[in-house]
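Naming follows writing order (A, B, C, D, E and F), and every chain is counted from residue 1.
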Amino acid sequence: MTDAFPSVWTRPSGRAADQLRPVEIRRGYTRYAEGSVLICFGDTQVICTASVEDKVPPFLKGKGEGWVTAEYGMLPRATHTRGVREAAKGKQSGRTQEIQRLIGRSLRAVFDLALLGERTLHLDCDVIQADGGTRTASITGAFVAAQDAIDKLMARGELARSPIRDHVAAVSVGIYRGQPVLDLDYAEDFACDTDMNVVMTGGGAYVEVQGTAEGAPFARHEMNELLGLAESGIAELVRLQRQALAAG
Amino acid sequence: MTDAFPSVWTRPSGRAADQLRPVEIRRGYTRYAEGSVLICFGDTQVICTASVEDKVPPFLKGKGEGWVTAEYGMLPRATHTRGVREAAKGKQSGRTQEIQRLIGRSLRAVFDLALLGERTLHLDCDVIQADGGTRTASITGAFVAAQDAIDKLMARGELARSPIRDHVAAVSVGIYRGQPVLDLDYAEDFACDTDMNVVMTGGGAYVEVQGTAEGAPFARHEMNELLGLAESGIAELVRLQRQALAAG
Amino acid sequence: MTDAFPSVWTRPSGRAADQLRPVEIRRGYTRYAEGSVLICFGDTQVICTASVEDKVPPFLKGKGEGWVTAEYGMLPRATHTRGVREAAKGKQSGRTQEIQRLIGRSLRAVFDLALLGERTLHLDCDVIQADGGTRTASITGAFVAAQDAIDKLMARGELARSPIRDHVAAVSVGIYRGQPVLDLDYAEDFACDTDMNVVMTGGGAYVEVQGTAEGAPFARHEMNELLGLAESGIAELVRLQRQALAAG
Amino acid sequence: MTDAFPSVWTRPSGRAADQLRPVEIRRGYTRYAEGSVLICFGDTQVICTASVEDKVPPFLKGKGEGWVTAEYGMLPRATHTRGVREAAKGKQSGRTQEIQRLIGRSLRAVFDLALLGERTLHLDCDVIQADGGTRTASITGAFVAAQDAIDKLMARGELARSPIRDHVAAVSVGIYRGQPVLDLDYAEDFACDTDMNVVMTGGGAYVEVQGTAEGAPFARHEMNELLGLAESGIAELVRLQRQALAAG
Amino acid sequence: MTDAFPSVWTRPSGRAADQLRPVEIRRGYTRYAEGSVLICFGDTQVICTASVEDKVPPFLKGKGEGWVTAEYGMLPRATHTRGVREAAKGKQSGRTQEIQRLIGRSLRAVFDLALLGERTLHLDCDVIQADGGTRTASITGAFVAAQDAIDKLMARGELARSPIRDHVAAVSVGIYRGQPVLDLDYAEDFACDTDMNVVMTGGGAYVEVQGTAEGAPFARHEMNELLGLAESGIAELVRLQRQALAAG
Amino acid sequence: MTDAFPSVWTRPSGRAADQLRPVEIRRGYTRYAEGSVLICFGDTQVICTASVEDKVPPFLKGKGEGWVTAEYGMLPRATHTRGVREAAKGKQSGRTQEIQRLIGRSLRAVFDLALLGERTLHLDCDVIQADGGTRTASITGAFVAAQDAIDKLMARGELARSPIRDHVAAVSVGIYRGQPVLDLDYAEDFACDTDMNVVMTGGGAYVEVQGTAEGAPFARHEMNELLGLAESGIAELVRLQRQALAAG
């Protein structure tokens, strides 16, 4: 598959190896949720809502702590060919569960659950259009929705101190035709050998690293390059989150 | 609930009794589907996609006919309070199934399935924001998505003659505080005694009538008034469908 | 299908257009239920039982109101060819759910739930033999079973005033070979263009109207004729309910 | 529970220890099934239908053999207090599965599946009213329905030789208040220490023996007495099957 | 299959007709369970664990009694060809449910549930390797695990008196090539006409008898021989249980 | 939890920071599977079987390639307190699905699926006893079972060339009380801030890296130390795999 390289290496999108797709973060996308964001990483579009519920799951009852959890879904025709509707099939795929568990863990990493109090913050990430990187866009957008929801609770006087300790954002990196690249789109994701999702805080620490060699296993030096690309991409995403939140 | 009328009857939205909410029909809303429409009936927003698949369900195999079917869903936070995600719960509610069966029947009523050939047209109606009338907006928008998908098949030369015989659109009517009104929003739907969904063709014939007395049963003369309101509302919706389709 | 009319229009059963099938209502059909009725609309036979439970669903707890709900089923060989057993398949079909929701709404329309007190009345409608009209026979029979159950509660002194405000009954109407007819049997239902189920009270008000054009859409004047037929049919069914209940 | 015996031992029904309840076998109970029987063992009433399908399960495809299988169900209010509807719950209980597997094995024991040809005989046993012994009534009634279905196939010339080799019938026996009794009704079943279901052929051979000590374990001599009671009860049931089938 | 007998009757394993397979009972097989036993009946190997939980199922709440229940499973490749994993399929087969209900009833037959107090004893029987007789090995092994769990509760002072009234063990018997044999292995089970599982107490009384004629029905005298074989086999198994428990 | 450090840092097990638990690999653990291994990482014990099936999943039909897939399960009492049996609950948890997807991907990374031919290799990893690291033990043991299965196919002449390109093994690393450690047991896993599972080939290339900060996010230099520990641990595991396979 990777045998016949064109003589000059280019990405399908023409981007530089370390270039993100155009990112758009629209706050207040729907009316009812405490936080509601449409995030676009190029053609990937995800609606992220944050909903506050005044109770916690059974395993936390009476502990004075809150919970942050996520659900992920994809409209059947978000993709090139129509996929099955999970509600109609009667179960979520393993992939869906893996992604929503990842989103939940990533957001919890920047929350002080004791400061949240006995509340659950539900993050719903629904993919309207998919062109690679839906899970990283989901995490990055869900953070903004979560921040809006927390700001609303503070404005109403329901929270005295913010339970959010830092930003969190995510990006994918991979080895496309032998070269490490940032923020894979579908054309690259489909063809690449290695795909890694990295989640980091605003302070530059790791929350999650999930790398998979889909074709040839990768070497330690490639790992290092990938981590470097991710670090700079996430720094840029955090800057864009701050910008969107400042826009008020 | 309906005891203490204000001295002057008004609708919560200030609309006249026979006035639709502002309707918006945006074609080409997402990239991959053969037809993709965002339809808004006021604050109710539904993404309707039409996907063509080159096979038919088992009961039609080898009969030379096509099939038109629909699925319906709602994002968990499309509503005032977050609802359960049906994919997570592992089953579609009775309400969801009722609605998607209604959408499918309504669209099939204007299709010549023999002209469609051995293809399935999947209509996916996903509610992004709900403020009453999601099923009528879904039918009205799904028709436009279906028309776009059929036009695409014809442009590609895959169909010689259009299998679509007429427009189809839908609207709700009800008795709000004693008076028949057109196109109920959530505030009215919640409080009204009778709620009726009417589906009609561009030619003015009935496809479906589903009326339910949620409070007091209703009389024959009220039925007649409701049907009259629906007829004029649907004529207006068909005009808006034509306008959107003409816009190219 | 409807091309080759015989020169003289007749119904498969030889009935007049406005004639019900022979109706039989046998009370006390099984021993344990508070109300138990076998109702026959011609060859359609449904066992309707009413069971009283001294608690309410969670959403009504502590409100001092009762609940009336229905479940519907069909024996696998109630029909011409054996159908799948829903319990074996592990889920109720969309059709089953639609019907049982309709039965529940219809019966609730004539109940004062506050007078019922914190009790649930479960109506089980199980079709032993199906020849069209199973949902309308179910509603008509379930009312009689419900009345028997309420009478038993009053006789035991558990209820001081009856929560039942009026009779409720249902019938189907449709357009068979171009002509509106009352109470479709399977042969007519299968061939007809339009099928409408109408639910009305003893006082002649509408509770539900559900009309579907399965073939050609129908015009307003046909709608009016259908409603007229239904009205007279339901008046007769209510008379038969009274007769059965009087028989003691 | 069994502490305070009345001074004279009697069965709740007043029957002798070796006396069956009144048995009724009504053939042709519903219209569509190839065989349809209502069987009553006293107040226990079961509708047994036999349906012929011209195909076999995957594991038998192309082997030239047929299959005989059974499903069992109970109407929710067949019992003293309303039980859950298995279709609504979304699964059959372990008890239901155990019973339907037993019915299927019992009927297969008297079938020559090669003579049946590539057909499936579905036996549906649906309990309308339950007063103990529903599985034994089901087996006994299902045999008659199966015989009627086979006779119909032979009359139509679809089978040249009957695949039925012998009668099969079933009865329960148990130890009630210290004494072995035949054909337990609910009052006895509830209170008894040991409950055994015995299935035998017309020729007097064993097909199934399923005995359970629900209270005190039982001794070998009790086992022998129980088997003797069952043997005479089944001989009587086979006589009643023959009588019903002869009645034409 | 049984047509062509070798001139001299032998069992596939070379055992005498009344001979058990080598039985091994290893206590303390895994670390965490209150009781944990690996039991081998020849090549059949089952891990039986007993787990104590300090609560009871809802139907026993507040009655001061305990409960004993069992679950049964088989590793997918415990058998000659890989079977489906029930967790992946999303449901337990009818066979699995039948077996776990049998194990639960058998163990309850020797428990005084009032003496157990408000506790549940969960018996998990997981088949590592299957060569016939997995349910009888499960019952025999589960008893030893249960005894270990109860001894642990008594040693900790949580129980003053043992709720175990007697041993319980189980064995299969059947008619292999015309001759009754004890403790069928898979080769015999597959080929035999009749298969009977017998559960008895240490005192020699019957708890369960489940005999099935898979081929030709069997006669009363065969029944008697089978019961005799089972009785001696179970006496030997109880001796082995005592030996294992004495080994400390 | 990590506040009160003992003055001297030690691991609960007393191991050095870079020390694996004692590893045992027993081949031929059960009789029927083409490969069957019991692998122990200290008190963690997993049965890994490899089963060969002569067909492929639908998406690979006719492509001349094979498939390698895995399923994972845990006996209910493999853990300190009894967990729910997934087969009884009717679904696999998100965690189970995540793990079995990881095992499948890891093994496929060292397989040439074209050389495998149209066969599926099923790897079943069932945890008998769990003390941390069940997924890494599963991968390491599944490789040995897979090698045995492939050797059997080659010995039978069904494969001319081995489709296995390299070894694959896995280990966990984490930050326990501030210090990176190798091969976490349950006591460490429960208390640690960061947990990373690393899967590598015999040649020292990465197949998967999955790191999660369960408490404080971790820095780049910690990441590097963790990767170094994992590299040496996996080299040792591969040596142990070779030793076990050589033992014949």
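In the analysis below, a contact is a pair of C-beta atoms (placed from the backbone, for glycine too) under 8 Å apart; a residue touches a chain by one contact, two chains touch by 3 or more.
Predicted model, so just to flag it, every value in this text is computed and none were measured.
Contact with both chain A and chain F is made by no chain of the assembly.
Chain F has its Cα centroid 59 Å from the Cα centroid of chain C. Remark: chain B and chain D have CA centroids separated by 51 Å (rounded to whole angstrom).
Multi-chain contact residues, meaning those touching two or more other chains, occur in chain D at positions 90-91. Arrangement of the chains shown, judged by which pairs touch: one closed cycle in which each chain has exactly two touching partners. Order of chains round the ring, counted from chain E and going first to chain F: E, F, A, B, C, D. In the complex of the two chains, the chain B residues touching chain C come out as 91, 94, 97-98, 100-101, 105, 109, 196, 200-201, 203-213, 216-220, 223, 227, 231.
Chain B makes touch with chain A in their complex at residues 30-33, 36, 43, 45, 47, 49, 51, 53, 71, 73, 75-82, 85-88, 90-92, 96, 122, 124, 126, 128-129.
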